[in-house]
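Every chain is named by a letter (A, B and C) in the order it is written, and numbering of its residues begins at 1.
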């Protein structure tokens, strides 16, 4: 295994700094929201983590397709890395959203499209890991995993639309709210904090993603050495 | 008929076949010997187009695998230690299904012929579920012969057969062999292969370790040949 | 007839012949569906007013449960005597095999549904014979069977086998079930077509997108 490349070392520092900066912008720089109060500050982290979780999920399906086309196991390592990071960030997004929802909606959980879709996405990830756990042959494990991420990637947006047929109370951040929804009004300062959070979490994502891929490569190497010593 | 060059098959970090070279002429009956786990089944599955080679070239009847798999499949009959049949269908219905899948038309006469060859005419309308292991294996051979394949692959066809059924299988195999089919049969049992094959190849540690024609060997030195191939 | 269709129909034919003889799958699915309905009857206290709201939900969960039962059995049969390899050895497009199995699985689901609808109608005195509802059942079952067939083919090749199928299938089949429930409720409560259209639309979109994706990746789950 090669030592950490310089770019990755710089990225590690950058990721840490951007978390500090994002925290400053969210907790100090941004003004307190008039209706929701201090708890609204969670919003910056909530959207940041959710965005990164979604990104990871799309990466997983994308690299799944690349794996099926090339049959090179290194893409499977990348795809698994994306799924794992995505699971963690989605979990954070759901938890943060839940803490925010308690005072604002007066409940920990509602069956809102975004929340429910996030939860179902987590279930798809859990099913994905159970599928992989049930297969010994690494090549078949990679193939089936890739197929499942593609199916998941296609069904999740339709799930979101399907749940919206039923109901929604989640505030609309982008675009205009349809009837019965509240529009979240952002002051310019809030917008800055929002953009900072999005960039910060993107950097953190890339950093973690890279580390996770390296771990996956190490793991593959260990498997190989194990086989060599056994034979 | 069969040409394999530098065939490598890996399952993730595990390399099962490490550069197999293997050629079979038309009309040869090759017994592929080797201990369990030597990669015989993997090799045969690649020839059968069920598994893709990681590296190397495989040609059957002039067609390349995996790109021209459909052409290869149409010329290939495969018998494994599983019968590849449906228990809730009769012998006749099983053969009809495969006749349709192979695109045969007017297949009733052919099915009749096959049933006579494998001696299951009287049981043609019985469910395969009620057949003995030996009868299922005979029907499996009938299924593999249905579409007049040029090449027939047998993967451990004697597994789980009693003495009578094995003797019956011998008779059928001999009658197929004289018809000029190209045959590859894997076996871990030397005695079984001995009477039928025209050539013996030994697959060991992922390569063909030795190869000898029928006339070079006799009953006494076959075992010595096999043992030497495994240790070399 | 082109070889593709001939192969597809040969597979459907052998599945139906075998099933007609043993009735293994059908009877298991039907009895299971009836048990689910009985359990719902008490679990939900299906009084006339509640019934109007929950009928389509009860029906679709019943169909989904019975569907997984049928799907895993139908693919396990292919693995039993190695017959899936037998199909793969034939010189036919893998998509023909996939289509054949989807058709068989769809027919099994529809058969059970055809029995369940009048029984449910009689038990609860609700008229379920609305042409719109039948259309929703056809579309919903099609989407469920096409994704389910792909996932069942995967799950029978894993160590955990049948146990895994519902876990893999339910999270990706949620859109079909939700849209089907919504559309069914609409038809049963006499909503206008304009109100039902969004869910019907979604159902069709899911069927088209997911079954073409499943169709494209099927050879990846059967070929090594």
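In this section, a residue touches a chain if its C-beta (ideal position, glycine included) is under 8 Å from a C-beta of that chain, and two chains touch if they have at least 3 such contacts.
The shown structure was predicted, so the numbers you read here are calculated from the model rather than taken from an experiment.
With A-C and A-B as the two chain pairs, more C-beta contacts join A-C.
Of all chains shown, the one whose average CA position lies nearest the global CA mean is C. Each chain gets one centre point, the mean of its Cα atoms, and the points for chain B and chain C are 38 Å apart. Chain C has its Cα centroid 32 Å from the Cα centroid of chain A. Note on chain placement: the centre of chain A and the centre of chain B lie 50 Å apart, centres being C-alpha means.
Under the contact definition stated at the top, the residues of chain C that touch 2 or more other chains are 224. Each of the following residues of chain A touches two or more other chains: 139. Annotation for chain B: no residues touch two or more other chains.
Across the complex, chain B is touched by residues 73, 137-139, 220, 223-224, 227 of chain A. Contact residues on chain B toward chain C in their complex (touch as defined above): 45, 48-52, 70-71, 73-74, 76, 78, 80, 82-89, 93, 97-98, 100-103, 127, 136, 143. The part of chain C that touches chain B in the complex is made up of residues 3, 6-7, 9-11, 13-14, 17-19, 21-22, 24, 77, 80-83, 85-93, 223-224.
Those residues of chain C that touch chain A in the complex are listed here as 147, 150-151, 154-155, 157-160, 164, 167-168, 170-175, 178-179, 182, 198-199, 202, 205-206, 209-210, 213-214, 217, 220-221, 224.
Chain A makes touch with chain C in their complex at residues 68, 120, 123-124, 126-127, 130-131, 133-136, 139-140, 143-144, 146-148, 150-152, 154-155, 158-159, 161-163, 165-166.
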